[in-house]
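This is the structure I have questions about; it appears just below.
Chain nomenclature is as follows: A, B, C and D, assigned in order of appearance, with residue numbering initiated at 1 for each chain independently.
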């Protein structure tokens, strides 16, 4: 009898975990905000709202006041989020139709949305809906409406693609979702503000050097950490 | 904890500044937020642009606000009232401006303002005085005029029930402009008859989701404008 | 003791009464129609819907399913019609806000509206909102929206003004409400269709001669009565 | 007497002709009128233009309608589904057209169509592929694109309660596109779980007034699309 070959050890994750990233983003969401969370990593933000804060979650398919996921067996196929996953509604929730829902988005009533990204450019351009491959089925959903209408757009994403390419780039090569729309980027390596002067790094994950960060980023970065400390 | 309730009408309107654009709900007296309007009279803000379907009755509510010389300009569809001479006198004397807008266009402009639509085309008023000077455009053989979304700094609205999130229901035809004005104003201020606990209003029956509401004041028994007018009341 | 002088006899009303006019209009409203009734004489139409027909009355201030006037003492200042008079709501009524209400109007969902008129021109132009006098307070309400959006516009009006001037004219001199919008006119003297070929009279009130009618009308009339009988 | 109830889904869709534009409600399976769609498959109308947010799942409902080659063109925002290859295969083979519209623009175009607005400006898609070739215009320093109202010959919608006037309520997030599609279609056909007597639905809580509804079919227990997909069901 031979032993199975040992699996190669998973490389140690670099920087923050997804929960760390979600926690950082949640810390930046003021009490009382109306927030739309994109599908994927952004959904984790709901679990990290600091104690004592109340935020109201909007899902574009017609619900304000999204609650936690239902207990197993309690799912209702007519109570879902934009990712088509079962959710619950908090007491004080409201249901509405799609035109009203996107009036909230387009009309500037949603304070913050947290989205994923394929690419973010140094000027805040975002690409997160299509890889532009010739045989891809194009599907945009509400992404373009969200970035056009929501007051502040947070991006929550791994800093690099699975193949190691930077997601923060000088210029997006994928089809754009919106022009100059991103306000802040939370990755596993850093928190980066998109400002008129460029991409300003306000925090770097423990164990990540500035050189590491710069090497994994496709656009120039400005170190804004000292400035922050000076303020404090 | 989110709690949009404020203690008084005076507190609710305290930041309505001179020169503000204020949408005021109501169709005639139905839905007219009379206590909020009176608080605005007490507040004394001047040079206001008021968006409201009518111009009020007698010498209370909206008519009193106008009579008190706080309104520089009215944007409305029907500034004539059988029982009020306040607006007509000021208008004839050239002391108040009027932008007359067809009622459906007024409603759609307010809704557009709240929905992030800067402009839209409508068939209403084509070929009339109220369409003159406006951009015209033909779609599929029909003429339309371009109209612009309307936003406001504040809205004063009367609803029926609210919860601390600002979710609202209205009462019968007092609903009228309230829901769309809440959408179109940066700060919407609502007087309601009753507050409920969250969940105390059926989430399927909420007319205005709380995201469109900034402040709620409870006025359990609002004054009835027509009764005040019959009694010859004047405010202040 | 002297007797009071006899009041001059009120001249016999010519042609149809207002109730007659409303009855004629009501007869032309198909079962199941959605109808908006203007302020004044048009309101009478509600009382003359033929037995066995059900029509749904819309009032632009946010109610579909207007019922009869409330009993004295039962008025609700928050349940009124566009003329700001107290009404009731039928079982099966619905309330909605102004943008939805005018979506019904502008979107072509209301089948028929019945309006009053200052002037109607031979081509269907309507003037019913302003006399254009320099010191008049202009007030348009929903009139322009109704004529622009409702499928069929009926006019219910006295044939002549109080001073005897024709209301049916070659060209409106008052400010217009809409261009080529009127479908049919019901007056105390006649029922007149607005057609591409001109104003076609389909009925004349008893005791009114064609010459009387023509003399009291400011636009050419086509006699469509024979044609109707030929059809029958 | 007005009575919009019809006896069966088959009867309700019997006049949906070849070449018709059909709006179909639903966001994923929530609000998808599966029995009406299956009746349309039975009816066999071809060359349809379908306006719907998605393209269906598995081999039932909307996916089955597409698979049955009845749809010439889809107007939708998100034609990708984890568990359906029906649309992608036809699309890659060039056998179905796609007009991809951002979800909020799709909703607003439908609402505009129903509200008599032929066109409006929106900030969504400016600077993107989906804004290319569209008329651009600047209002107050911001760029917008012109979008056109959408109407349809028919709408197929799932609601919750109805009365004989066609007044409707919906259930939770199954409301989504239903109310605006009822507005935008010349003939809107609605399946509901239950009919009530007039007055049996609170007039303040009616979401879609009956004026927007032509026919109602009662399907007390509609099939659950995700369950059918799990079971590997195919229609017909």
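The criterion applied here is as follows: a contact is a pair of C-beta atoms (placed from the backbone, for glycine too) under 8 Å apart; a residue touches a chain by one contact, two chains touch by 3 or more.
Everything quoted here is computed from the prediction, not taken from an experiment.
Common neighbours of chain A and chain B under the contact definition above: D. Ranked by separation of Cα centres from chain C, the top chain is A. Averaged Cα coordinates give chain A a centre that lies 30 Å from the centre of chain D. Between chain B and chain D the centroid-to-centroid distance comes to 34 Å (mean Cα coordinates, whole Å).
A straight line joining the Cα centres of chain A and chain C is 58 Å long. Chain contacts: chain C has residues 89, 95-96, 99, 102, 105-106, 148-149 touching two or more partner chains.
Contact of a single residue of chain B with at least two other chains is seen at positions 108, 111, 115-117, 122-123, 170-172, 204, 207. Pairs of chains that satisfy the touch definition comprise A-B, A-D, B-C, B-D, C-D. Contacts from chain B toward chain D in the complex involve residues 108, 112, 115-123, 137, 139-140, 142, 144, 148, 169-172, 202, 204-205, 207. In the complex of the two chains, the chain D residues touching chain C come out as 1-2, 111, 113-117, 163-165, 167, 183, 197-199, 203-204, 206, 209-212. Considering their complex, residues 31-32, 34, 54, 56, 58, 64-65, 89-96, 99-100, 102-110, 148-149 of chain A touch chain B.
Taken together, the chain C residues at the contact with chain B in this complex read 59-63, 76-81, 84, 89, 95-99, 101-102, 105-106, 130, 135, 137-145, 148-149, 175-179.
Of all the residues in chain D, the ones that touch chain A in their complex are 27-31, 53, 77-80, 87-88, 91-92, 98, 100-108, 110-111, 122-130, 170-180, 207, 224-226.
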